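Chain nomenclature is as follows: A, B, C and D, assigned in order of appearance, with residue numbering initiated at 1 for each chain independently.
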Amino acid sequence: MTHRSVEVPVIARVEGEGALHLRLEDGEIADLRLEIYEPPRFFESFLRGRHFSEVPDIVPRICGICPVAYQMSAVHGLEQLFEVQVPAGTRELRRLLYFGEWIESHVLHVFLLAAPDFLGYHDAIEMAAHEPELVKKALGIKRVGNDLMAAIGGREIHPVSPRVGGFSKAPRRLDLDPFLSRLEDALAELPGIADFAAGLERPSLPRPAEMVALVHPDEYAINEGGLASTDGRAFDATTFEAETREEHVAHSNALHSVMADSGEPYFVGPLARVNLNEERLTPVARECAARLGLHAPEPDPFLSMAARVVETALAIEESIRLIRGYEPPEPPCAEVSPRPGRAMWVTEAPRGILYHRYDVAGDGTIVEAKIVPPTAQNLRHMEADLRTFVPGVLDRSDEELQRLCEMVVRNYDPCISCATHFLRLEIERT
Amino acid sequence: MSLDVSASAVSEAEILAGVAPRVATVRRVVQEAYETYTYWLTLDDPVVRRAYRFEPGQINMFGVVGVGEIPISVSSDPARPMRLAHTIRATGRVTNVIKGLRPGDRVTLRGPFGRPWPVSAARGGNLLVVAGGLGLAPARPAIYRAIRDRGAFRRVIVLVGARGPEHMLFRHELDAWAQWLRFRGIETHLTVDIADDTWPYGEGVVTTLFPRASIDPRVTTVFTCGPEIMMRFAVRDLLGLGVPARRIWLSIERNMHCGVKLCGHCQLGPYFVCADGPIFRYDEIGELMGVAEL
Amino acid sequence: MSPKPRVAVFKMASCDGCQLQLLDAEDALLELAGAIEIANFAEASSRLEEGPYDVTLVEGSISTPEQVEQIKEIRAVSRFLMTIGACATSGGIQALRNGRDLAEVVRQVYPTPEYVRSLERSTPVAEHVKVDLELTGCPVDRGQLLGAIAWLLQGSVPRPPTTPVCIECKRRGYVCVVVARGEPCLGPVTRTGCGALCPAFARGCYGCFGPSQPPNTEALARRFLELGMSPVQVAEKFRFITGYAPAFRETAERLEREEASAT
Amino acid sequence: MRFLDEEGFGRLMALLAARGYVVIGPTVRDGAIVLDRIDGAKDLPRGIREAQGPGAYRLEATGDHQLFAWSHGPDSAKRFLFPPREVLSTATRLEGELRVDPAPLPEVRYAFVGLRSCDLHAIEVQDRVFAIADPAYRKRREESFYVGVNCGHPGGTCFCDSMGTGPRCAAGFDLALTELGGGFTVEPGTARGEELLSELGSREATGAEAAAAAAVTDGARERMGRRLETDDLPGLLYRNREHPRWDQVASRCLTCTNCTMVCPTCFCNDVVDGISLDGTEATRTREWASCFSEEFSHMAPGDVRKSARSRYRQWLTHKFASWIDQFGTSGCVGCGRCITWCPVGIDVTEEIAAIRVTDGEVAVAEEVVA
């Protein structure tokens, strides 16, 4: 019997901390464990008893990479429960803020976290020594996303202006106008970036899976819409907890999100979104998709990176449109009076759908909270990918195998900080 | 609109010298005591270098570019202003970077600022210098001047205290003064709080040297410089001996950023230490020194 | 030229936001990479080298038994240890659980509480090992972080200002939300560093940079009560992102006792 | 005395802009009247009034057409003449060489519109601090144009009358206006002002208009929100350094620095250095600082003013007493900003009055009390 084990004690270039243990016996997977040692932080517990108005300041702290996503799921849910009419222009401004986060997060992933994988560098800094122009360009685009968030939210990490009811203060037109030329310059780079990404040699993983994303009749869904799946499912936030289910796997300590009826894992994120919203892609996004060879429906999760490039183009194009039509909401924030009940909402974080539920008392106090982040939903899928992928690359050296496994995980841009408060994953198989 | 600035006590010339930082080069670094080094500097611009003059007790704003600027007394001989010594103890942000300076490194200087020791006020009588620890650095230029002008004084007495032998600044120079300059009538007495076997001088706080100095209160002018607490005890004893408050001068420290009375940091009651001091007459500030946290 | 200082970045319990400030430095990132050797920074690089490190940045609070050990190991291989952010310097938002029954907290979040290993309290790094420099903020301010690194490269340890947010609020010409709107703001007791962001956006500061120079939290609490808030509401203001910092914690506890004894 | 109708006022604004001045005037932002760049009379707070008290400030609409029917907000000309943050010098360090470049002198010329008498006085107070040693200040100061407006609406915290600094503009202006219904009386204060006025097309004011203008400030004097007994303030404060009132005010004071920041004369500043990561580029910046910061009095052996008591005492004593020793004038012009913009509403006039009525009282040592 031959034993071989691959240990990745720290999966680098992901947000948060996780490890991968893989043990092979006679060419079979004997043990595959994606362990998350990110400590629990108990947000759902200490949300209880806090006033609803504090929620937009609490939940972004779950994740420094996609704070806006947390704020958006929370404020929309609570506003729906309280029947708040947000001032005209708020919707658009929120979309713009969120796109800033998409741009920032997607470019971060594509260039700083994932691309070094494909090119055999340890990191983007090493990569920059060889490809300085490319890396500088990418960082410049990322900067635009960050600056957009800062202009609207005060800062890119944990913005301060989003409130239940709108914004504490809205930017003036003249605060946003300077972004137009910067965004246009960034957009001009996108086709080139798509070609760069298309040129990367990537593994492929033909494992058809059900993908879930938000859909909206008029726009590329981000803050509002219903949920649809590539298998033809349609539901919404109010039935999210009925449609999906958290499951205990045999010999596992983990909770995985699976579809309630089939018990199968599902997949969320940019690729799911592009697949389900292809017809809403903007022109340059569409062009990028073509250059990347991304044709919906695209089942190969390794095209996630391509989907991020496509969505970056879309986010930039949409931002330009939104800034052109921007009228500051006046007043910036609606009056909000709480009422008791249950708030449920889903928005599209850069990594996929993010579900929030709040049970609220009559005085506006949070009684119970539940948050299901995208990475938690994808973990089961990630592990399934690994099991499909590993047998095909067993002939590689340990080092190479380790790198490839990491690539599979990183391809999801998993945000372990987000996932943690939700589950602790340890898989043991013999 | 022309401005009425008649209320300003600082002269235009002083201010012009103080506004623009000038680059200087470190020529020599000498360790003086524990964490304390003397930096010998020359100003780079030859015109400025030749024009530069300072009075004993004055300070320069000593700048390390990108790190900060701090007030430091010039510790060298005012008769030789082309080479400027600054004796600095590493205690914090700026001084810790200064500790790393080597010959050839560039710093900036602005100054000189402040009211000097009134060495000539002691002419005709006795000059008594009472210095503690690092306080010897600002007092040294006054001693140099007194040595050069020895004939103008009846007696020149230098009393220096430090925590221990390793904290005594300018040790070789002091040894030489104690040994040789007494033949020129410069009386030097040293003491440390805690002595060791190698220490040939006295033990105890600096005020224990007063009896040995046999101070004549009628004709003595005192310059004292050191930690505030030391100066307070020294002044108390001197007043007790009958030295009048208006003939006791001391050097005061306060945080400083500008040196020209516009940053507000160095205020002590009605005074700006950077311009009205750092040398004060005891009757000007005695009452203020007694107020906690002023 | 002396060899570049080896820098490591580690994380404890946190949201990753503070270390993301480095990746978000964009223009400065490559410059930074030129000035230091990044020896261990898992979020940015798969090159993970062993210590010793010249400068170690630690993000996050100590909240599991493993982390108590890990931080000691990190300290042992670090010449200069700098903690960054509210989690690392005051326990972070997750310290809101401190003082509550942990078993109950775990049950509220995890269906299978047995699997969760956590300490009763989420604590700042300085409660466990010696820390050479603390930078507060949730997240740390990027300018302050890069500035601190630049200072360290010059051979000196910076002293971040401890003056309240108000000073920056006024420098920037923002209109005071307490005075002009009658809304509570923690600016007068929170240290500056953020650039007075919240008042800039017409809302009160919620204290994410932690207590300022010995702050008069009691006087501010009295003011909030005058604005019509209940003692418990005022306590919640202090018991927030940096609520475990002693100055905020003590005032929150006193207010809670006051409310408890009133009812 | 001349009279300028509303249109004439519009021409004044346009002329200032045409002459290359950056026009700074009152305008409403985030619930207060602040000073900012304005683009003509349309940006002024027309029909707006404010209510001020200790720690409280609210705007109200009056519905009338007055442009200056309010008392000043938090800003003063200080923000522009002595900017909150200003680069003093930059330095480059390359291969052992060091180059230090002082920041170039500012090019901007301001025209201030709507400054009140107290603020014109405050500028002259700051002149005594900066005019010699700060060439940038001096240049901005000398090249700016000052349009004062006589005050008819003192705020609830104003006491310029007690300080002898208002409400009527007495000096420091190029032009001084008094707003009457439908126009302004105008008085030039300098040749420069006279020259500008001559281009505006004004007419001689009638006797009734002159009388109305005088009545505006007379009325203001009567409606002054606060008073202060100024007799021998230095003596009073110097003898009461250990007065128990300092402890009492320290228990309320947040040491938040707001009073010093809004004060039009407070000048304390820090100089801070910054350096690039590679150590080659450095800047030295000056920024507003405050004696209420603990680190303000930092010295390696320890901060001098550790307690809030000592910091409050420093501030008040400096403003009303030692300023006179240092600069030959009081540091306070009675604008009341420090009272309004203190988040807990500490009132200097009340603190001084409290010390005055118990002049000579000394804090009793705690052992004795116990």
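Quick note on the criterion: a residue touches a chain if its C-beta (ideal position, glycine included) is under 8 Å from a C-beta of that chain, and two chains touch if they have at least 3 such contacts.
Remember, predicted model here, so these are calculated numbers, not experimental data.
Distances from each chain's CA mean to the overall CA mean are smallest for chain C.
Here B-D and A-C were compared by C-beta pairs in contact; the pair with more is A-C. For this pair, chain A with chain B, the centres built from the Cα atoms lie 64 Å apart. Our note on geometry: chain B versus chain D, Cα centroid distance of 38 Å, whole angstroms. Separating the CA-averaged centres of chain A and chain C is a span of 25 Å.
Taking each chain's centre as the average of its CA atoms, chain C and chain D sit 36 Å apart.
In chain A, 169 are the positions where the chain touches two or more neighbouring chains simultaneously. Residues of chain D in contact with at least two other chains: 30, 274-276, 279, 289. In chain B, the positions touching at least two other chains are 66-67, 92.
Checking each pair of chains for touch leaves A-C, B-C, B-D, C-D. Interface residues of chain C facing chain A in the complex, by the touch rule stated above, are 11-18, 20-21, 23-24, 26-27, 29-30, 33, 38, 41-48, 63-64, 66-67, 92-94, 96-97, 100, 104-106, 108-112, 115-116, 118, 122, 138-139, 194, 197-198, 200-203, 206, 208, 233, 236, 240-241. Interface residues of chain A, counted against chain C in their complex, comprise 10-17, 37-46, 48, 50-51, 54, 57-58, 60-65, 67, 104, 108, 112, 116, 122-126, 128, 132, 135-136, 139-140, 142-143, 146, 154-158, 160-161, 163, 167-169, 246, 248, 253, 255, 332, 368, 406, 417, 421, 423-424, 426. Partner chain D is touched in their complex by these residues of chain C: 28, 31-32, 34-35, 146-147, 149-151, 153-154, 159, 161-164, 166-167, 170-176, 178-182, 185, 187-189, 202, 213-216, 218-220, 222-223. Of all the residues in chain B, the ones that touch chain D in their complex are 1-5, 7-8, 10, 12, 15, 18-23, 65-69, 91-92, 95, 104-108, 227, 253-255, 257-258, 260-265, 267, 269-270, 272, 291-294.
Residues of chain B that touch chain C in their complex: 64, 66-67, 92-94, 96-97, 100.
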